[in-house]
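What follows is a group of structures, each given as structure tokens.
Each of the next two complexes has chain A plus one other chain: chain B in the first, chain C in the second.
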Partner chain A sequence: MFDIMTVFESFIEILKVVPKTLFLALIILVLSFTLGAMITYIQSLNIPVVKQVIGVLQSFLRGTPNVVLLYLVYYSLPLVLAWFLGLFNVTFDPTSLNSTAIVIVTFSICYSVFQSEIIRGALHSLDKDQIEAAQSLGYSTTQVLRKVIIPQVMVEALPDTMNAFLIIIKALSLAFLVTVVDIFAQARLVGAQSFSYLEAFVAAAFVYWGICVLLTYVIDKLENRMRRGYA
Partner chain B sequence: MDIQYMIEIFPQFLSVIPITILIVVLSAVFGLLLSIPVAAIRIRKIPVLSQLMGAYISFTRSTPILLQLFLFFFGLPVLLQLIGFDITNIGAITAAVACLIFFNGAYMSEVLRPAYLAIDKGQHEAAESLGYTPFQKMKRVVIPQMAPIALPGLGNAMIHLIHDSSLVFAIGVVDIMGMATIMSGDTFGMKQVEVFLTVALIYWGISMVSEQIIRLLERRKKRVLRKTGYELKEEEAGYSV
Partner chain C sequence: MRKLLLLVSFTAVLLVLAACGGEEENAAGSEEGEGVRTVEVAVSSSSRPLSYVGDDGELTGYEVELLRAVDEKLEDYEFNIEGASDSAGEIGLDTGQYDLLAQGLILSEEREESYLIPDESNGPSLMKIFATGDQEGEIESLDDLPGKNVVPVTPTGGVYNLLNSYNEEHPDNQIEFETSDGGIPTSDRLQEVNDGVYDAFVNPSNLGQQEIIEEADLDIHVTEPVEINPTYFLIHDSEENAELRDKVSEALAELKEEGVVSELSNEFYGEDILQYEE
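Presenting the complex of A and B:
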């Protein structure tokens, strides 16, 4: 009933899509980090109505599961894009939108909220006197940002950001719903070909587990090294 | 956008909300019960068992919940056959609840463990010197101090659970999401945006209600903590990713 050899064969098949999954996750991480930084910046400006709107959006993105958001974006984004481009008289076929793009957009938006929390937390930990000291030394704003704020905030934000990377890899398993092939989707395909789903899923579990253990190890090493510089 | 249609389909979703709540409550309660021995083993550092539990926690943390659901759905019958039960197919709800209990047991044990370790050693010693039995110590000294520290983590676990329960439709349970996929098929792909927007609003509502409940408990917690003189750290209750 349960065949170890099939597990091994599935394992090899699944390994083929690991680079693609990691690459997708990396794109989403970078985009969500950029978006998150923008959200943090806009919130710090304290513009009356904008602040409330962002607050509601944050609560919405946090309160709804990723699946629901994925489906929502999958069905509504092409229509919204077509309408928006129509304003500029650009013709756009709603069915031509790539589903990989939809996955990237959805998860970037989902996780930007969490990223903005991480960035805000890291900024809180920064000593305000440091900025004043830099200013009194005659640093320009970009210099303060580049030489004082970013190095220190990065150390604080890095562990959580890398955690978010792992979470994104796991969340990508939903991508099979919109026909994007990642590790989990590949496991389903392999399972369907050999009629042995259980073996394929066990193999996929080992792939995920391996990735996580490896990445956690790398993150720990990196964090230790970065912290040493400021100890 | 057809708001009329959204209002029309809303009652149909209400009829499946009990299934989601059933799954969430069952897996929260039994997950908490499972997490207590797991946390205890890890705290006591019982040789072989502790390593096993470490592997269990690392496994549940590193694989997607969707994969775990499928593993349980296809794996439980095989496992049951090994120990003699001949069941070729178990119900999807059983598999879903079993999987979420398994997942939540690991998650919550990692909330309980630091909460237990946060209690001052002197408290244990004081209770022992007063002649408390281990059970009395647990009931009168440890749990009252543990509860407020563990509360935000348990609240997060609850919200995660609500979100994760939306995935059980993938193995065929007709919960809110399952109903939505059925409905979007019924309308021949014309009204999917409305259907999923309604679902999103429902989940948003459920999350908000549970967040309010947690906040209510937290207000009580602050009152209790002020009495015991425990220093509250800022932003301790943040929603972690």
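Presenting the complex of A and C:
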């Protein structure tokens, strides 16, 4: 009943969508990182009302499951976009919205909150004296950012960001809801064709695991290189 | 070295898991060989009116009530009916976790090979096309679907098989369609067809669409059945289930004769679907 050859065949089939899935996850990671950095920055400014509004938004995003957000965006994004573009007299057909766009928007917003926490934590780990030392040496703000803050914060945030990347890859299995085919969705399609779901899912598990092992290895190497001179 | 150990232990766990899937069925069967045997039955829990959770929190629906009627006829068996999602049901049937699966399933070559199938169907499923109102005359059959925007199809469903086999038979007239998880409810799909997001929605007509269309006052053109398929209960392929299969076939034949099937059909579908059965 359990056929190891089918697992292998499914594995090959599933590998075909890995580049696409990784690329999609990377876009989401970059967008959510940028959004997260913006959130951290705005929060650090301590503007009264804005701070509270963002706080509520953060807790909302943190507390709602991805699948709920995906449904919300699927149903509301086309309408919101049509309304928004309508303000600038641009006509937009809400039905023409690409499903990949829905996935990117949902997950970028969702993970920006977690990214902002990662960035905040990394910033905290930075020794304030270093900034003062740099300033006393006459560094400009940009120079302090470029030479002192970013290189160290990057290293601190790297493992957590990597973790977020893996989480995004796994979370993308929800994207099939709106027709975006990722690793897990491909496994279901392969399983449906041969009626051997168990084999296809075992293959999918191995693909996910393989990606995780590979990425962990690469990032370990990268982190070690970046830490050189700071440790 | 530690990494190697980890790898070995992980593979071991996986192999054990795979082996368990195979053994479970035998163990469960031999223990309950005497007296009344409990049959694990999986149905979909959100396919109204086929099978759904009613107001009282209990499973009900055409197939569920039919299963209960079959259960009453079989003295040696006791059905334990559980709700499961589509692919979970099919995987459970593969591994022997469930003995019987009822999801309004139509036959395919793979299914005939993998499972035991009763001789008697549990009623036909009518595949219809639900098209945007202004497509009347334009969309009447599957031949009209190429070039149209078709609602994404679940890969576990019969629609997927239907469209795929159509495309295989008509290389010059390909229907383009996307696949998706079955998460968007039928009512919202119909709304999308109404709004023109999609032109056509191929769907078995026994999911309560007519009710939805009437209630929400949608402008949707429903075609004649494009395909009529008898649906079957699928039974996990094992020696002891062979008898169950024969008993279920007998019971279904009797229930059809006694008019119970027509009664249930009228109750849940508002028409006697047996009239479409050849």
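Here is the rule we use: the second predicted complex is superposed on the first by the 231 of 231 C-alpha atoms of A that agree within 3 Å, B and C clash if a C-alpha of one lies under 4 Å from a C-alpha of the other, contacts with A are read in each partner's own complex, and residues count from 1 in each chain.
Methods note: a contact is a pair of C-beta atoms (placed from the backbone, for glycine too) under 8 Å apart; a residue touches a chain by one contact, two chains touch by 3 or more.
What you are looking at is a predicted structure, and each value in this text was computed from that prediction instead of being measured.
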> chain A superposed: clash or fit between chain B and chain C?
Replying inline: clash
>> Between chain B and chain C, whom does A:Thr40 touch in the aligned arrangement: first, second, both, or neither?
In response: neither
> Does chain B (first) or chain C (second) touch A:Thr6, or do both, or does neither?
Replying inline: neither
>> A:Thr21 in the overlay: touching chain B, chain C, both, or neither? Say first, second, both or neither.
In response: neither
>> I'd like to know which partner A:Leu166 touches here: chain B for first, chain C for second, both or neither.
In response: first
>> With both structures fitted on chain A, tell me whether chain B or chain C touches more of chain A's residues.
In response: B
> Of the partners chain B and chain C, which touch A:Ser112 in the superposed model: first, second, both, neither?
Replying inline: neither
> First (chain B), second (chain C), both or neither: which does A:Ile211 touch?
Replying inline: first
> Regarding the shared-chain residue A:Leu198, is it in contact with chain B (first), chain C (second), both, or neither?
Replying inline: both
> Touching A:Gly63 in the superposition: chain B (first), chain C (second), both, neither?
Replying inline: first
> Among 59-67, 167-175, 185-193 or 203-211, which stretch of chain C shows C-alpha clashes with chain B in the combined arrangement?
Replying inline: 185-193
>> Output the chain A positions appearing in both contact lists, the one against chain B and the one against chain C.
In response: 1-2, 67, 71, 75, 174, 177, 197-198, 201-202
> What does chain B use to touch chain A in their complex?
Replying inline: 58-59, 61-68, 70-71, 74-75, 78, 81, 162-164, 166-167, 169-170, 177, 180, 184, 192-193, 196-197, 199-200, 203-208, 211, 235, 238-239, 241
> Any idea which chain A residues touch chain B in the complex?
Replying inline: 1-2, 59-60, 62-69, 71-72, 75-76, 79, 111, 114, 117-118, 121, 124, 160, 163-164, 166-167, 170-171, 173-174, 177, 184, 187, 197-198, 201-202, 204-205, 208-209, 211-213
>> List the residues on chain A that touch chain C in their complex, please.
In response: 1-2, 67, 71, 74-75, 95, 174, 176-179, 181, 185, 188-189, 191-192, 194-198, 201-202
> What residues on chain C touch chain A, complex-wise?
Replying inline: 14, 18, 21-22, 87, 90-91, 94-95, 108, 110-111, 114, 152, 155-156, 160, 178-181, 183-184, 188, 195-197
